[in-house]
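Same chain, two partners: chain A is paired with chain B first, then with chain C.
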Partner chain A sequence: MDLFFGGTLALFGSFHTSLIFALGLVGGMLFGAIPGVNMLTLGAVLLPFTATMDPTEAVMLFSVIYCAGVFGGAITAILFNIPGAPENAPTCFDGYPMTQKGEAGKAIGAAVMCSAVGGVASAILMMTATGLVASFAIRSFGPPEIFALIFFGLAVSASIGAKTLWKGWLSVFAGLLIATVGTDPVAGVPRFNEGSFFGLQYQSYYLSAGIHFIPMILGFFAVSEVLAQSINISKGTRERPKAALDFPSLAEFWRVRFTMLRSIVIGFFSGVLPGIGATLAAFLGYSQAQRWSKNGKNFGKGELEGVVASETANNSATGAAMIPLLALGLPGGALTAMIMGIFQIHGMEPGPLIFINSSDLVWVTFAAMFWANVAIIGLGWVQTKTVVHILRIPFRWLAPGILMLATVGAFGLRNLMIDVWVMFLAGVVGYFLRATGYSAAGIVLGLILGKLGESAFAKSMQLMDFNLLGFFERPIAAILILLGLAAIVTSIVSEIRGKEIQKALLD
Partner chain B sequence: MTSILSRAAIAGGCLLALTAGSAIAQEMAKPDGFGDRPITIIVPYGAGGGSDQLTRAMASAMEEVSDLSFQVVNKPGGGGTAAIPDFMLARADGYTIMEAIDDAVSAYASGEIRENPAEDWIPLCMAQITFNQLYIRSDDERFSDWESFVAYAKDNPGEVSIANVGKAKSMERISMDQLEEVVGIETKQISFDKPAERYGALIGGHVDALFEQPGDVRNFLEAGQMKPIVTFLNERPELFSDTPTIREVGAEFEPLTRFRGFYVKAGTPEDRVAYLEAVCEAGFNTESFQNFNKDKFMDVIDSYRDREGAVELINNAAQTYKEKFAEMSN
Partner chain C sequence: MAIAGLAYSQTRFFDEDIANFSFGATGWPRAICLLIALGATCQLVYKLAGRGEEAEEPSSATGAATQDGGHRLAQRAAIFVLPFVYLYVTPLIGFYVATPVFIVALLLLLEVRSPLVIAGVTGIVYILILLIFTRFFYVALPNGRLDGFYEFNNAIIAIARTGL
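Right after this comes the complex of A and B.
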């Protein structure tokens, strides 16, 4: 506890450090909210200057940017169906329908509170259990366990956003198929990068790099939504969403307390595994909430609980992602890698010795993340009362803005114009998929998890001498795979039964 | 946010003002009409990675010694090949530089890319050169050095697992193949595409050994969690004087190295190339860049090559790769 107060004092002890804290918070949130630039962009710009900064300030700045950045992406997800980052994608599923129902304020309010609660909870868990959790995670979760976790994630999330279970699975498989485009993770063999299409020969470096999920997300969510709304306007069936500023009530939060708790746990454990992180956390948190909630049927139509589940989980993953970094020196993503770089610039190496050699700095990190998440509540409350007014702008003015943000986002990923075309193509395809009851979310999920899963599966096979049953010789992997299989079977059974009940009712 | 950026810009400006009129400006006149606008450096890998960090450190060092300004652009994807079309489409006027590593050379040798880095591109300089080592856990009870490792591998053929990169035609996999052939052991190469997963797999006990460059695992070496058992060089560098080299364990092949450098397109006016070469060298020799390279263990062997040295390095590597690939396809 003394250590925590020490860290807090280092944060707010002087005007100078408090100012850096505030700037990091606002900067992270802005960069997180605008697709195309993200907290990585900000981090890369600031990284060279950290060499001349005091190490405490540098580490604090990046920890704050990290927490605020993950939250920032929720706002555009809710208001315009543009997830600022992949981990905010599940926030769109219910956040955006809430906006259309005139509950934007509520959705943003819930996102704010849940991001903060998830973040604070994971910061506390991080402070108490870093060493313990880190060595457990790294020893128990090898490639087979990670594959099993991804399999489980896909099995339970398959029907998200689709009209029927079958259409959900077809969507996921389409995503998995797209994930196979590009260089394979085992031997570096390029796939689908050359060949002929209706007699047209093609060969492409772009395709050997694979199709990235960012333009797909922007196309499926933002562009197809603009198309859908424009068509509604031309038909005269569109209603302008009300820009309501209500903050969710305490009673509403109390109702979703178990969802929050579940998402905290899911987020924390996904975050601990290097490379899995916040995206799987958000999807898993969302699908588990849908599975266990009494209002599961209303998910995707603007259910507050969906926003709660996704935003709690992705922020809970942030604290957890610091654990392998600090305790083992293993950064899980690009921003945590930058934080590691800062430690190194100042002559400290994250790893088991850091708690002994630079304990005060570790506690500054902990304290910064804790207070950043607390501060999100305040800042978020202000935002709820302000940004929602954007909705008062007529859609014909808003739509070009949304398309521009999405274009910048697709281009900014790797400065390639083709990504922009891929985005627009995904937008048109996404419009028809949604109109026919398929799930854009399912495709995106399949695409993201397909790449991670293929890589984990390949490593597992190499390690276990290509013996498929090897998964069942490892207890954690076996349990996860069995749970996944059970989820598939029960969902199929209930889908078939559901049909029979409907038929019976019709008769 | 603007205020932090502008503060940074002011700080950067001060730094420039302090070092203005430094070595390069005096030694060599800037070609007429060159350097009036920012020069783009394309990094074919993501933000925060090794190439990105090097490029940003080098860009600020080069700004320190000249009045050029640089803009770093990341274009990751395809193991570094996705950025090449953009680089090739840019005009050969010296305003577009690309960072590239030895993977471009092996990709050329295998026919994956058409461009020959030594001919279609002009290397300005190499700024990082490093070597490979094989690492084990320090607390492994089955083996503690190269000899006991080989003995264990011979007793358990095909059982020992080594975390390595995935791509079969990569510098890493070829180096490991060459060593196995010489020593007569058979191991399982496990394809890890993300570095952190590779290190975690060794520390967490999921694999038996790790193939890597020392700068990337420095913290694990210093914490005593990993130790090198063999160095892929001809002579022992001072820092690893206790570790045998591949030459000592019987290898006769020339060890492949990892090198990172900066290129412009062939056809760039010669005076601009010469000027950029000089800026590159002066940037490399700044104190700030030297410190950066030292932190990355890039001072263990000589990390700098000028244009001729770089061409030689590339041609030698390309030769080795071509021979190896021809052997592999037989």
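Right after this comes the complex of A and C.
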């Protein structure tokens, strides 16, 4: 506790450090909210300047950007159906329908509170159990366990956003297939970058780099939303959502307390694992909330619990992601890799010794992440009362801005026009997917986890001498695979039986 | 099924053995193709068995289309086609020339008729892009391949970065 107070004092004791904290908070939130430009963009811009900064301030700044950035993406997800980052995608499922029902303030309020609660809980767990959790995660989680976790995650999240179970699975498989474009993870053999069909030859060196998930997300969510609304305008059927400013009541938060607790646990343990992080956490949190909720059937139609589950889980992953970095020197994602870079710029090596050699730095970082999540409540409240007013602007005035932001975001990723083509094609495909009951979110989930899953599978096979049953010889992998299989079987049974009950009722 | 079949057929172009990995480069993509075929079969059986809800509900994308006149259909088609025209011409005439034209065309398609609104929205979006992405983030947006347009785009970039 003394160490935490010491860190807090160092954080707010000087005007300079407090200013960096505040700028990181506002910057992270703004960059998280702009589609295509995310906290990684801000991190990449700021990284060179950290060479001249005090290392404690630099690491603190990036930690604050991380916490605020994960929350920031929820705002556009709720207001415009455009997730600022992949981990905010499940927030769209219920956040945007709430906006359409005139409950945008409530949805943003829930995102604010739950991001803060998830982040604070994660920071507390990080402060108390870094060593323990890091050693467990690293010793117990090898490639087979990571593959098993991805399998489990896909098994329980596959039907999210789809009309039928099969369409959900087909969407995920489509995402997995798209993820294979590029190079194979074992030997780097180029795949799907050349070939021919019906006598037509094709070859593209762009495809050797693979299809990035950011243009796909922008296409499926932002572009397809603009197309859908534009068509509604042309039909004269578009209704402008009301810009309501209500904050959720305490009773509403109390009603979803178990969902929050569940999402904190899911988010924290997903966040610890390198590469898995906040995206799988958000999808798992959402799918489990839907599974256990009394209002499961209302998910996807504007259920507050859906926003709560997704936003609690993704922010719970932030503190957890710092654990392998600080305790073992293993960055789990792009932003934590940048923090690793800051350490190296300043001639420091993260790992167990950092708690002894640079205790001040560690505790200022912990305190900064804790207070950043607390500050999200204040800043988020202000946003709830202000940003919602954007809904008063006619959509036809906003549409060009949304499209241009998405265009520049997709292009800026790798400075390739092909990414913008991919985005617009995904937008058109996404528009028709919506009409036919397939899930754009499922495709995105498959795309994000596909490469990671294939890589983990290949390493597992090499480790286990190509014995598929080897997964069942490792307890954690076996449990996760069995749970995944159970989830698949129960969802198939409930899909068939559910429809039978429905049919009987209709008869 | 068609997507699975097409993708599976394309895997023959990279069917290479990999040392220390007996599944090769094609193992994973082919497995996914088979899973897609399986999923599609289940969906088909499910629908044929009369359990697909969507069989009863007309698609919103096509249902209303038949009720509208040619003008509306052309408008909707243009909404889909316009972004691709923009993508095609951007590398030729440059982002800074193509973008204002695209924004004005989109606003007209969305039935905005007030010249003040069209000018205002186009100006605000254009200036924000110049300030945020060209001036501060140095995003290297396409500056056109055609003579004249290349110089014009570069001039706009130079103006946006004045003083830096």
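Keep this in mind: the second predicted complex is superposed on the first by the 505 of 507 C-alpha atoms of A that agree within 3 Å, B and C clash if a C-alpha of one lies under 4 Å from a C-alpha of the other, contacts with A are read in each partner's own complex, and residues count from 1 in each chain.
The definition used in the following text is that a residue touches a chain if its C-beta (ideal position, glycine included) is under 8 Å from a C-beta of that chain, and two chains touch if they have at least 3 such contacts.
Remember, it's a predicted structure, so these values are computed and weren't measured experimentally.
In the superposed model, A:355 lies in contact with neither chain B nor chain C.
Contacts of A:23 after superposition on the shared chain: chain B is touched, whereas chain C is not. In the superposed model, A:187 lies in contact with both chain B and chain C. Contact with chain B, but none with chain C, is seen for A:205 once the two complexes are overlaid on the shared chain.
In the superposition on chain A, contact of A:462 is made with both chain B and chain C.
By the touch criterion defined above, A:415 lies against chain B and chain C together after alignment on the C-alpha atoms of chain A. In the overlay built on the shared chain, the residue A:173 is in contact with chain C alone; chain B does not reach it. In the overlay built on the shared chain, the residue A:432 is in contact with chain C alone; chain B does not reach it. Residue contacts after overlaying the shared chain place A:49 against chain B, while chain C stays out of touching range. Counting contacts by the rule stated earlier, residues 41, 45, 184, 186-187, 189-190, 415, 458, 462 of chain A appear in both its interface with chain B and its interface with chain C.
Those residues of chain A that touch chain C in the shared complex are 37, 41, 45, 163-164, 166-167, 169-170, 173-174, 176-177, 180, 184, 186-187, 189-192, 194-197, 223, 227, 230-231, 233-235, 237, 396-397, 399-401, 403-404, 408, 411-412, 415, 417, 420-421, 424, 427-428, 431-432, 435-437, 454, 457-458, 461-462, 466, 496, 499, 503. On the chain A side of its complex with chain B, the touching residues are 20, 23, 26-27, 30-31, 40-49, 51-52, 138-139, 141-143, 182-190, 205-206, 208-210, 212, 274-275, 324, 328-332, 334-335, 337-338, 341, 344-345, 349-353, 414-416, 455, 458-459, 462-463, 465. Residues of chain C that touch chain A in their complex: 3, 6-7, 9-14, 16, 18-23, 25, 28-29, 32-33, 35-36, 39-40, 42-43, 46, 51-54, 59-62, 64, 68, 72, 75-76, 79-80, 83-84, 87, 90-91, 99, 102-103, 106-107, 109-112, 117, 121-122, 124-125, 128-129, 133, 137, 139-142. For chain B in complex with chain A, the touching residues are 1, 3-5, 8, 11-12, 46-49, 52-53, 56-57, 60, 72-79, 81-86, 112-113, 161, 166-170, 188-194, 196-197, 199-201, 203-207, 218-220, 222-223, 225, 288, 295.
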